[in-house]
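Below is one structure; the comments refer to it alone.
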Amino acid sequence: MSYQVPKFRHPGLPLNELGYTKADYEGAISTLCAGCGHDSISGAIVRACHEMSIEPHKIAKLSGIGCSSKAPTYFLGNSHGFNAVHGRMPSVVTGAALANRELLYMGVSGDGDTASIGMGQFAHAARRNLNMVYIVMNNGCYGLTKGQDSATADRGSATKKGDPNIYSAIDLCGTALQMGATFVARSFSGDKEQLVPLIKAAISHRGFALIDVVSPCVTFNNNPQSTKSYEFVREHSEATGTIDFVPLKKEITAEYQAGQSYEVTMHDGSSIHLYKVDETLDPFDRRSAISTLEEHRYTGNILTGLIYMNKDSRDLHEVMDTSQRPLNQLDEADLCPGNKMLLNINASLR
Amino acid sequence: MSYQVPKFRHPGLPLNELGYTKADYEGAISTLCAGCGHDSISGAIVRACHEMSIEPHKIAKLSGIGCSSKAPTYFLGNSHGFNAVHGRMPSVVTGAALANRELLYMGVSGDGDTASIGMGQFAHAARRNLNMVYIVMNNGCYGLTKGQDSATADRGSATKKGDPNIYSAIDLCGTALQMGATFVARSFSGDKEQLVPLIKAAISHRGFALIDVVSPCVTFNNNPQSTKSYEFVREHSEATGTIDFVPLKKEITAEYQAGQSYEVTMHDGSSIHLYKVDETLDPFDRRSAISTLEEHRYTGNILTGLIYMNKDSRDLHEVMDTSQRPLNQLDEADLCPGNKMLLNINASLR
Amino acid sequence: MSRLESVNDFVIKFANVNGTGSASANNLFAKAIFRMGIPVSPKNIFPSNIQGLPTWYEVRINDRGYLGRRGGIDIALSVNPQSMAQDIREVEPGGYFIYDNTKPLDLRLLRDDVNIIGIPLTQICNEQYDDPRQRQLFKNVIYVGALAALLDMDFKVLTALVGDQFKGKKKLVLPNIHALELGHQYARTHLDCPIGIRVEQSDKVGDKILLDGNTALGLGALYGGATVAAWYPITPSTSVVEAFEKYAKRVRIDPGTGQRNYAIVQAEDELSAIGMAIGASWNGARAFTATSGPGVSLMSEFLGLAYFAEIPTVLFNVQRAGPSTGMPTRTQQSDILACAYASHGDTKQVLLFPSTPKECFDFGAMSFDLAERLQTPIILMTDLDLGMNDNMSEPLAWDDERKYDRGKVITAEQLESGVEFGRYLDVDGDAICYRTYPGTHPTKGAFFTRGTSRDEYAVYTEKGEAYEANMLRLLRKWDTINEHVPPPITHDCGRETDTAVLFFGTSEESSREALDSLAAENIFMNAMRVRAFPFNDEVQKFIERHKQVFVIEQNRDAQFRTLLMAEFEFGPDILKSVLCFDGTPISARNIRKQIKKHLNGDNVLPLHRKIASIRAGESQ
Amino acid sequence: MSRLESVNDFVIKFANVNGTGSASANNLFAKAIFRMGIPVSPKNIFPSNIQGLPTWYEVRINDRGYLGRRGGIDIALSVNPQSMAQDIREVEPGGYFIYDNTKPLDLRLLRDDVNIIGIPLTQICNEQYDDPRQRQLFKNVIYVGALAALLDMDFKVLTALVGDQFKGKKKLVLPNIHALELGHQYARTHLDCPIGIRVEQSDKVGDKILLDGNTALGLGALYGGATVAAWYPITPSTSVVEAFEKYAKRVRIDPGTGQRNYAIVQAEDELSAIGMAIGASWNGARAFTATSGPGVSLMSEFLGLAYFAEIPTVLFNVQRAGPSTGMPTRTQQSDILACAYASHGDTKQVLLFPSTPKECFDFGAMSFDLAERLQTPIILMTDLDLGMNDNMSEPLAWDDERKYDRGKVITAEQLESGVEFGRYLDVDGDAICYRTYPGTHPTKGAFFTRGTSRDEYAVYTEKGEAYEANMLRLLRKWDTINEHVPPPITHDCGRETDTAVLFFGTSEESSREALDSLAAENIFMNAMRVRAFPFNDEVQKFIERHKQVFVIEQNRDAQFRTLLMAEFEFGPDILKSVLCFDGTPISARNIRKQIKKHLNGDNVLPLHRKIASIRAGESQ
């Protein structure tokens, strides 16, 4: 209803299992700057959701405030969306997820939105292992307010007009790990081949799944002094390995080499295949993830790919033991104990 | 003025270099529960400040809200104090420290005050390497509101009346390390021999110095199912080593054994001596600190002692390059550019 | 010496040390009186601390059913040496001071216009018990036993009560009864029983119950169908969610799976708590949060979002004495303006003002219907006095035929059948629009919720006209809201009068009593209790019918009066303030005194000047 | 066809795409007019987005010095195809529409009552420049050159301005002048110059300057001695701290050490920003924060603390259109109630209302004196319109003899000499107490600051009387505050009249113009501009002198009027509202229209009903 982008549907466009084309997963035309990394991430989300054949209306997309937080308007036009207040998307998702455990919660945020004003909510959503995908479009600056440094800006990095940043950078992957997140990955808006399967895996994971995506701000932070520019990231990123996502019920056709390759079955029955590059990292061991991350931080490289996944993750609903039927579908009969119980209560109060 | 506790001064009480007795560093009579860990920590603060011969009025003590945050009323009666709002002590300290770099800022907080509502401010004070001592009186629960679990409660731990906690615990030392804190230690309210020198070292350190002190709440969280009870902590703590604080200008008299012992000169010229117990930990290497912490978390032991110290720490004032003269001592002549400059500005605006 | 004499009409105040288990013993006393058919109104006056500081429990016993604070103490029972000086000072001349005379009373405290009664409580305990914890606990029970003799209470009521209270914990029954007997025995043997003040079996409580407002609210949320509760601990609202949880654990467990038909999250702070409530409501669950004091300030940004984006939101505000951390364990009604106009920009929030536990229950449940029907935050304004004290109340009741009003929600079927959907389209002319739940339909009905300006189809716009039209619709919606919120209740005094009082919430009981006593002096006034903001037209008409209306409220700045003036078109010369803001519930004596002062023409200065120059409240 | 004719009196609106560098070219145009001695008032209307969306720049040129929004567009210059349809629609009949005719105009847009002027801007650029960025940038400069010919501007003024603007960047001067000449040349050769509307050298600007309010505020803070600034980015307040930083970098570097005599911290959010300002002020530095919209809501808890604990705090609130995220790049005066009564509990906050850049500077500096003298938050209420647009203003001035008023602070010497110190002791009878800075004295003068209740010596207490006495002192302090804040300014119309207008902040210019035009219709009204809350007694007397006072404000709910009613004791029948809240600055036409409607008796319904049923503002 609210998306009036006229869509030309090419008859030959590939349909997914549900019969939808990729266009059915798109949103309104972006108003972000041409070349903004955020738009590429939106594209990756569209692709992942289309390829996974998720019913668009079974996704709820939520965000805070910022250029990045505007992005949900530009993808998944058939999904309900919620632009919360700055930095407070996680709490809104928490409530929404409690109300209906059956939707897929796709949270989108910026580095300002998450690492500064939203730090508390981010940390606690991770700690509760809320079942959601949390994508940070991380450009190291405040795009929408015109380019101030954010808390993920590296020490010494400078935006187009700014002085070099004097503070230590917050690593959102390391932070999420500390907080107890059960799926932690990093990627780059310019690397769709890595990003799309990571998004799929995050969607399949049951629990808090962070993808910290470095996403250059072409207008304010794509200059040579910046460590979040396209060029810098291309040159300094080091992948943990490659990842392949195999949807549920698909036969595994590719040949996977033993040794460096791992197959992991996800909660929803789909599986991921990992080809490790970095031999020191065991992404299923938190200790290994934490120390590998820190090692890369030390050397100044950007570790991308799947960094950690807890295969035994139990999400908020599981640890709380809430009803399988979504709470928002319960009615008077389920919820209201009736007058008889009140009579007993009254009696006990006399 | 505001402390009207009649003090009986025993003539034979030991005086420090400034001629003060320990009583001169005490505060009002505590209104905390008898046996509360927080009172022991207050005692350790008193002892550390007295023994270091810090002028009491050169200390500002600040806190949030909670039983722990009440504690500053009960020590350092000759220091200015500030009970801020819940979880927001770090921002008030930041402002205060900017205004006058010459005082010692002693921040006291609780685990609720820091790890929940205050997570954002805590993280960012650490990130900015604000020059302060940040003591968390960590009892794993909300004492003042009657015993709810806090975010530092371990999974499975239960308070007196509560169900076992279902969430993963936030480790404040690990979090501070992630955020860029330059001094990170953990201790136990029941272990003054360890705590007092740690407080002294934290005071001497220039930058953000966290001491996460496990401090049992006797009223709500000292039961056998709790991992923050006196008994549990006594049984499960493992010290990184012992620490000795040697004040400025004091001659080193003790014999230090080479090999496991390190001498470190602090910014203020005093020094600390460390005797390591845990061979895997190098407290001057962040990578080592992070992985040792995580290792102990994995085994379920509580690592106490000095966990990390950055010997090259540069605090907020240094990185900002603010004037050596405290900003609150500057006057019109320093601050006001005068009318002449306005004439120029006006001219440029025509 | 004169001594106060009365039957079923007095105020007794217990002075204890907190953390010593006194509250349950004192409660035993109050409830026993209640079971004797005599109206009681106990108030717990506790410090913001866990153990070791003075705490009081003030019980008013009144056969005529006046339940507000009266002011003045007839009997003080002090077992706390720290507060003894103050306790004895507060006793009315002719009253009684009962204390633990194991240690002799400091002679400087003695008053010769007060009857001093000593009971060697510590000594009795030391003789009877070895365990120090038992000594502490039973000391309280012993004095209740003694009181039973002194006041001529029905001892059997007490012992039966003990039986009920420890149901399931049989082992505790006998020791407690024994302790009661120790006290009873001692008093009957050593003291002149009964004293001038005593109680007699009565029949004035009918089918009433004794319940605190917070428990009633928690039950209201349960019956109202709340499934998601998100909160952050804060006194005095903590027990709302605790009560909700306690009952949810009993009745909201799915019998088949053992799983929970509710979710409670202790959030990391209040911003998060209300964000969760908003997210859950947006997603079609009934959700609420509860808070007090600073939590209200912290929630204001989200309240603005919920107002503007029109998301049903239920917030229970159990008010305490502000500003800032203020007096966290004292009562006030001082968040009126902060809530009515919560958040920056033009906002108007719906407020409900219950005044009894029964209304806490009713309004609590109703909040969810209102929130969903009106698509806006509903802020239920109660306070510490109502929330944390046992209040005598009509029994709770629920109509089993009642259906939840889920408001205007478009279903997949309706969308399928081609219904036009625009999230902010005023289809029905009542300024309330239709919404869809997320997940409703694969290709129809999705919309984007945001705090920014948007058009009727929820599409982002910066067009001034679209923004303005939306803001004007929200104003029109205010009129619709007006028709849905609970109307005021009017008490006509039955005489010609051009004077009236207007009050809300916990000022009711004291106001009623004050009116009665003024009537006894031939001063007759009509009365109105307002139960919601927006104010019903009836409120306006009522005020217009009078030349002077005293607005009774428990804050310094006459906030409710400001609201009345801002909303209506009559002069403030009509509205006079009766205020109390020292943290204690307003008393009938105080109201009467202030009204009489006004009537004598003492009130010509502008409001704030006046308040500054006189003391508005009484602390007694 | 009719064509508008005028000299030095018109409104021109530029329609551009944001992120294309148009703002500086448009500014060049406005400033050139200003240098020709003609009053101008440019207003930037930009989207909440960085690049690619429509943005406008509306300039009013008016020889009589009316600087408010007039309403209506005489000349539209549109280089943005996205907004062209709207742009041409807005032109007044007889007006001019100038566009880039490299692409032909869509015929459906044509209006035969508007003069259409085409300039092939893209074509010229494509011929002249190869670099796409240059093509984009110089296109804007070229149309300014063309305008110079069309409006008969002094071309030398433009070229001199370019020289000044690129001082230090010599290489940029010639290309810009070249671009100006290209446009000028084209217009003179191909178009009828001048058109009916034109400019002439004048002498109406005197020594005035052209400056935005935020820069003036930043300078005010600098001159006021602020050393600590803590903030969080948010439109439209961001440029306050940016300006402070820009000038601090120039004049606050210690010449000896090269170190900074200031500290600026970008906080992690607004709660933290105001916490830092409070911490620094508590510790004796002059500190401030600046925010807008949601930031105000987030600061409310701390504002309550600062009010209650009496900590000097300076907050610059550059208002934008609310509620919630609202219209972040549009203007409003809608945080009045949220600020005046910020936070839960009883609070009253001091507000200042500047209306010109000069006043931003003066009040900005004064805020620190007031905060320290009065020991309470000072909230300076400006708005996007004043803050982010160049406003013609009196030049800034500073009395070099002026000393900062640091308020009541006790020194070590005084303590040593035995002065009695109680932090909340009202020694002087003005309800303002003495404070000490931390670190003052080894054994005397320490106290504990807290948001909880306390006695006069800052010792924690839960005694109702101590709490009440303190709250009453705060009310008395309000009267002292009243004597310190800037008084209102009255304009007497010089005739007998019982009608007046009352306004504040950025409504001034439009109000003045509306009054003049009403006077031309023989409707005479007195006027008062309020500059602070608490309201001075003069405000009361002024209102009392009239039968009807129109309160002009830029919000929906008549928030300022509510404040007037809450503070004074006269009837709201006297106070009528003139409102505009569509996000554009209120215009003179709009004010005049609303006042005339009222005077014709159209306004008998209660306020909120009325607003709901008619459209209060005009969007044009």
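Per-chain residue numbering starts at 1, and chain names A, B, C and D are given in the order in which the chains are listed.
Keep in mind that, in the parts below, a contact is a pair of C-beta atoms (placed from the backbone, for glycine too) under 8 Å apart; a residue touches a chain by one contact, two chains touch by 3 or more.
Computed from a prediction, not measured in an experiment: that's the story for all the values here.
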Practice item. Identify, among B-D, B-C or A-C, the interface equivalent of A-D, where equivalent means over half of the contact pairs coincide by residue number. Key: B-C
**Study point:** Which of B-C and A-C has more C-beta contact pairs
**Key:** A-C
Practice item. Would you mind pulling out the distance in Å between where the CA atoms of chain B average out and where those of chain D do? Key: 43
Practice item. Please work out the Cα centroid separation of chain B and chain C, and write it as a whole number of Å. Key: 40
Practice item. Check each residue of chain B and list the ones that touch at least two other chains. Key: 83, 85, 116-117, 119-120, 123-124, 128, 151, 320
Check your understanding: Which parts of chain D, given as residue numbers and ranges, touch two or more other chains?
Key -> 48, 268-269, 294, 301, 305, 324-325, 450-452
Exercise for review: In the complex, go through chain C and note every residue touching chain D.
Suggested key: 47-48, 293-294, 296-298, 300-301, 304-305, 307-309, 321-330, 332, 334-335, 337-338, 341, 343-348, 450-453, 462, 464-465, 467-468, 471-472, 475-476, 478-479, 555-557, 559, 562, 565-573, 581-584, 606-609, 611-613, 615-617, 619
Revision key, fill the gap. Per the touch rule, the chain B residues reaching chain D in their complex are 1-4, 24, 28, 55-58, 60, 62, 72-73, 77-85, 88, 90-100, 102-103, 120-121, 123-124, 128, 317, 320-324, 327-328, 330-332, 334-339, 341-342, 345-346, 349-350
**Study point:** chain D residues touching chain B - in the complex, by the definition given at the top
**Key:** 34-35, 207-211, 219, 222-223, 225, 227-228, 230, 247, 251-252, 254, 257-263, 265, 267-269, 271-285, 287, 301-302, 305, 395-400, 402-404, 421-423, 436-452, 457-460
Exercise for review: Using the touch definition up top, name the residues of chain A that touch chain D in the complex.
Suggested key: 31-34, 65, 67, 83, 85-87, 116-117, 119, 142-146, 148-149, 151, 219
Review point. Mind pulling up the chain D residues that touch chain A in the complex?
Key: 19, 48-53, 232-235, 238, 266, 268-270, 294, 324-325
